[in-house]
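Per-chain numbering from 1; labels A, B and C assigned in written order.
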């Protein structure tokens, strides 16, 4: 029951959605979009559950005064501030939007901006022409970088931009399509294994 | 010298990158650039829309990707407004709703309706919420939502972001699914985004679809261009090209100039790294030969 | 007119930006503070947005809407599935949480199998064949490349695709001619990865440009520039944050002369 019922639900829904693709009958549309709406609500609920879980994990750490517990206080206080602010007023001018604009936006954007510094470091330390393959990659990367910036056009009006476009349109597409086709075959096989109940890791252990 | 460079503290590189980003912003220098075919195709798709079209704009990015994609999104909003088209705006990214509200406030309700900025001196007060544009808000569910929108728009979006039922929004009158839009414009920073649109609905229903994407995703999406994605904006460079087509200089063009110096630093790092690599290898080989002799 | 509320917000945003960037020097309390603030606000934001934008309109409002009549009762099924998701807090009933997961997985798997096969398998083969067909039919005028580059391109596109697929085909041993073909496939893939790296650099630097623009006050209106003094605030934040980090670092070194240096970021 604990395993069979979930497997049966996955099987029935999986077969239904595969069949729907090939039999796009107007009568099916209502059921399909209803089930998709349910899928959206469940995905949103899972996010809420995840958020609650993080709070739940951190509160005991504060209670036990574990290492860095003060930072956990910052985490919990900011989470609750955002929740309360969101319940009270989500409109422009409210605290919820204020925290989003002046706290979430700069912290999130700067976390990712750190990558621009690390990529320079990685380029200096790791991007070496050790063999033919690495050299091809390195040359393609430099050509694309020069093709993207206006300086490439200043050096030669067409050479770098056209070479960049040629690499994208032919060499890159050849490799990407090989990857896409391979990955699509893999995705289809995995999807069918899930539908048939051969792959059941998403259900966790008993 | 070689030993110094081999053991160079990476924080010097970080400092160099900081200067590469800050100095061109303090003393801007602008080099001319051409518009690529992928970007021109996006522009042409918008330009050749039938008059008074209702276009879907799916704004799927977060604050981290704003510098790359937002200049295009602003430019394409202006382009649609200039053409007199209607807009239905949605987002599949949970972090995007405040960004979308900001865009609507700045470009539609600010510049266009009040006649400021790009529309300086040409106010269009008749462009009203619900009649000419609507923002339906965010929906969780990623590709399931995209597939659902291809089936039945109102099942997924029963109401807009202001909780007004779609049946009361005149702009939604003839819209029952994604198939009813003459063009779908997607500002996509990743998952879910352009790839998922192509997989779930664009290929299946042969929908007219263009996308702006982060530079990181460009090489993943070019196999879909032009058969499935009819035009593609590749990151900040693409945004700058679109601004150039629209005839103004915004954050895209300003950013592209800074990008030039940042990328030059990375190219210089690669070249220097390889010079050190080959010099070290040569020195080791020489030492081995001398040791052997 | 810029409000004081907005000015403080802008200053705090600059402080957060500099504090996050301080990680480039070494891990420090300012960065840790911002890191936890970021996670906390994200959690709070996420719970609110998921509830008010999806759960409320698509479940609660549906159940409460008299306009839907008896058909709204169907949504009781969805409510039960959502409740099952939260059963994980009860050990005996935790297994019920598998049902909504199975529900979502079933939809995703059923939806993706034909969709991915259609767009990434059939359509990609079709696009490649169509490219060759139109080139063979003499449709070369619209291309931006000279004719020889198109010949070379079509050859690389077709041969590279086949060679790439051979490289990914592990059911036969890669030796003899297969080894050479798969090696050529690797070369084509490497050129593609090089292009990816080039674009990744563009993308990563673009992320930092937005931050630099805010800290330097680019795009501010005259009124904002007068109120914010972004450049001055940025310099003050840099001096205070990095000054404190260096002071703390020296104090730690003085107290523990033999200890290892504090961790620096990797990347």
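Going forward, a contact is a pair of C-beta atoms (placed from the backbone, for glycine too) under 8 Å apart; a residue touches a chain by one contact, two chains touch by 3 or more.
Model, not experiment: these values are computed from the prediction.
Asker: Which chain's mean C-alpha position is nearest the mean C-alpha position of the whole protein set?
Answerer: Going by the distance between chain centres and the overall C-alpha centre, it is C.
Asker: Looking at contacts between chains, which pair has the highest count of C-beta pairs?
Answerer: Of all chain pairs, the one joined by the most C-beta contacts is A-C.
Asker: What's the distance between the Cα centroids of chain B and chain C, rounded to whole Å?
Answerer: Roughly 13 Å separates the two chain centres.
Asker: In whole angstrom, what separates the CA-based centres of chain A and chain B?
Answerer: Centre separation, chain A to chain B: 16 Å.
Asker: Could you please state the distance in Å, as a whole number, between where the Cα atoms of chain A are centred and where those of chain C are centred?
Answerer: 5
Asker: Where does chain C touch two or more other chains at once, residue-wise?
Answerer: 24, 45-46, 49-50, 53-54, 58, 104, 107-108, 111-112, 115-116, 118, 120, 124, 127, 144, 192, 195-196, 199-202, 204-208, 210
Asker: At least two other chains touched by the same residue of chain B: list those residues.
Answerer: Residues 14, 17, 21, 37, 64, 66-67, 94-95, 139-141, 144, 147, 156, 204, 215, 218-219, 223, 237, 259, 262-263, 266 of chain B each touch two or more of the other chains.
Asker: Using the touch definition from the top, which residues of chain A touch two or more other chains?
Answerer: Only 21, 34, 36-37, 39-41, 43-44, 47, 100-101, 104-106, 108-109, 111-113, 116-117, 119, 121, 123, 127, 138, 141-142, 145, 148, 165, 168-169, 172-173, 176-177, 180 qualify.
Asker: For the complex, give me every residue of chain C touching chain A.
Answerer: 5, 9-10, 12-14, 16-17, 20-21, 23-24, 32-55, 58-59, 74, 77-78, 81-82, 85-86, 88, 95, 98-118, 120-121, 124-125, 127-128, 144-145, 149, 152-154, 156-161, 163-165, 167-168, 185-202, 204-208, 210-211, 214, 265, 267
Asker: For chain B, which residues are in contact with chain C within the complex?
Answerer: For this pair, the touching residues of chain B are 11, 14, 17, 21-22, 25-26, 37, 64-68, 94-95, 97, 137-141, 143-144, 147, 156, 158-159, 161, 163, 198-200, 202-204, 214-216, 218-219, 223-224, 227-228, 234-237, 251, 254-255, 258-259, 262-263, 266.
Asker: Write out the stretch or stretches of chain B touching chain A in their complex.
Answerer: Residue list for chain B touching chain A: 8, 10, 13-14, 16-18, 21, 30-34, 36-37, 62-64, 66-67, 94-95, 98, 101, 105, 139-142, 144-145, 147-148, 151-152, 155-156, 204, 215, 218-220, 222-223, 237, 256-257, 259-260, 262-267, 269-270, 272-274, 277.
Asker: Sort out for me which residues of chain A touch chain C in the complex.
Answerer: These residues of chain A touch chain C: 2-3, 5-7, 9-18, 20-22, 34-52, 54-55, 68, 71-72, 74-83, 85-87, 90, 96, 98-119, 121-123, 127, 132-134, 136-145, 147-148, 162, 164-185, 187-188, 191-192, 194-195, 202-204.
Asker: Could you list, by residue number, the parts of chain C that touch chain B in their complex?
Answerer: Touch list, chain C to chain B: 24-25, 45-46, 49-50, 53-54, 57-58, 61-62, 104, 107-108, 111-112, 115-116, 118-120, 123-124, 126-127, 130, 144, 192, 195-196, 199-210, 212-213, 216, 218-219.
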